[in-house]
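Sharing a structure here in structure tokens format.
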Amino acid sequence: MENALGRYPVSITIPVAWGEMDAMQHVNNVVYLRWFESARIAYFEKSGLQAGLDDLSVGPILARSTVDYILPVTYPDTVRVEIAVTKMGRSSFEMSYRLWSEALQKVAAKGDAVIVNYDYQAGKSVPLDDRTRGAIHALEASAPARPA
Amino acid sequence: MENALGRYPVSITIPVAWGEMDAMQHVNNVVYLRWFESARIAYFEKSGLQAGLDDLSVGPILARSTVDYILPVTYPDTVRVEIAVTKMGRSSFEMSYRLWSEALQKVAAKGDAVIVNYDYQAGKSVPLDDRTRGAIHALEASAPARPA
Amino acid sequence: MENALGRYPVSITIPVAWGEMDAMQHVNNVVYLRWFESARIAYFEKSGLQAGLDDLSVGPILARSTVDYILPVTYPDTVRVEIAVTKMGRSSFEMSYRLWSEALQKVAAKGDAVIVNYDYQAGKSVPLDDRTRGAIHALEASAPARPA
Amino acid sequence: MENALGRYPVSITIPVAWGEMDAMQHVNNVVYLRWFESARIAYFEKSGLQAGLDDLSVGPILARSTVDYILPVTYPDTVRVEIAVTKMGRSSFEMSYRLWSEALQKVAAKGDAVIVNYDYQAGKSVPLDDRTRGAIHALEASAPARPA
């Protein structure tokens, strides 16, 4: 998985809403987690990780979220959220996000997440199956190298 | 149901969050619907209307929402949302909200909703059963008269 | 302004976020007001109505919002929010929204708003100036007729 | 500041809103940052850190947020968010949050934040003045020791 660092195989584009700004007149800190979530869901879909809403027996749950706020984002803008798996464990993995502001033409935030593969019936984490593991590896391998 | 007008049998109290203010530095217009929703759910619970999340066969759905913004609300404040059923139909009913600002000591907003009793399997509205109808009437009758 | 009915001179496109769904597993009723707000801001910008955040002396304020929920929206989807001014008063005007779901290929919601031109210093509504009135008329006149 | 660890001089209580649950039928991960923000603002107010909205020359900005999700929170519930400063730097400091669920009678989440004292005019971080530093120390010293 080392090769995955610096590459982002999945990215989504989201328009900033005026109403996402708070009284300080830039986008509220909470909104970044919503943007990251949308990227995470897109990644889960592409890798087949996301169990459907009808089959909640085993699926990924979010154990930890980190946001590094680098530059304030304001309306109007469009952000691109890029996401990669950066570390694979037995029953968990780590993801990294990068938030690109079109208006600023700069990275406005970064983030990380710890995701646990969870059995909702048994109430405990379970090892990632080989199919999921393979799907993540294939998706990460598909990411073009990004110039440092 | 005429008697119900001007009485609010259910009310809830909610602290205003700083982050609910937008760039105009008062609470964003969207937040009022969240406050109204919380009052509606409290009413549904008290009257036994709210089907559990596991039993989604028949339950109330929101068909229409109206908000009248009277005075801007700002942090810090605590709002009290009062709610009543103001009109009963065969398979739908209407509710009215009143939002009281503790800081302003005034009514800061009013609202209305149309709720339809919906059969999710059949995909259509169905008449309110007698138990639900009776529960709403009992709840409304319990509301103290409010001085005009 | 009669001609404006049925035409929407401004529209915006917004991806539905997974996290905007609530426990009923469709987009929460509150989110529609955020979508409408984004369309309203886009309209204000196009017509020059939106005062900058630094100049809050006179500007449009939202006095009333209505949402008619027609069909539930679920993730994944992209919505298009269309907006028009449907009625002009002396110091206020009315707008109508239409929410189109790409996934459903149907109108999923409609809405209305009453907007008041407000002098924040004086604390009261003020007549719309001729420049603003003209800009709205020009924008509405630019909308292609929509087949009924 | 060592003594501050394990003590929370400021805490706030917030009712969980039904609409804060997502399609997984527990409170969405994003909401925790809103709860933490409300506790942070309460702390800033108590310590005199929060510059008013009219005086944005120098004030605290959020540089980093972390949330550790321990147990899912569901409606109905009331959460208590506790907050402490855990480390003081020259122009920044760290805070820790603990989220207590009344319904579960357990800690449902923890979190951390890095706050930078920022001069908005100069566009850079500036040292915390002695008054602010003293106010934080006094507030932390007032916290009762919490049994480990």
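Think of it as A, B, C and D in the order they're written, each chain with its own count starting at 1.
As a working rule, a contact is a pair of C-beta atoms (placed from the backbone, for glycine too) under 8 Å apart; a residue touches a chain by one contact, two chains touch by 3 or more.
Given the structure is predicted, the values throughout are model-derived calculations rather than measurements.
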More contacts between chains, B-C or C-D: B-C
Most widely separated chain from subunit D, with each centre as the mean of CA atoms: C
Distance from the mean Cα position of subunit C to that of subunit A, given in whole angstrom: 31
Rounded Å distance between subunit B and subunit C, as computed from the means of their C-alpha atoms: 24
Mean-CA-position distance for subunit D and subunit C (Å): 36
Multi-partner residues of subunit D (at least 2 other chains): 18-19, 23, 25, 28-30, 34, 37, 53, 75
Complex interface listing, subunit B residues touching subunit D: 12, 14-15, 17-19, 25, 34, 37-38, 41, 53, 75
Subunit A residues within the subunit B interface of the complex: 18-19, 21-23, 25, 28-30, 75
Interfacial residue positions of subunit A with respect to subunit D in the complex: 23-24, 28-30, 33-34, 37, 53, 56, 61-69
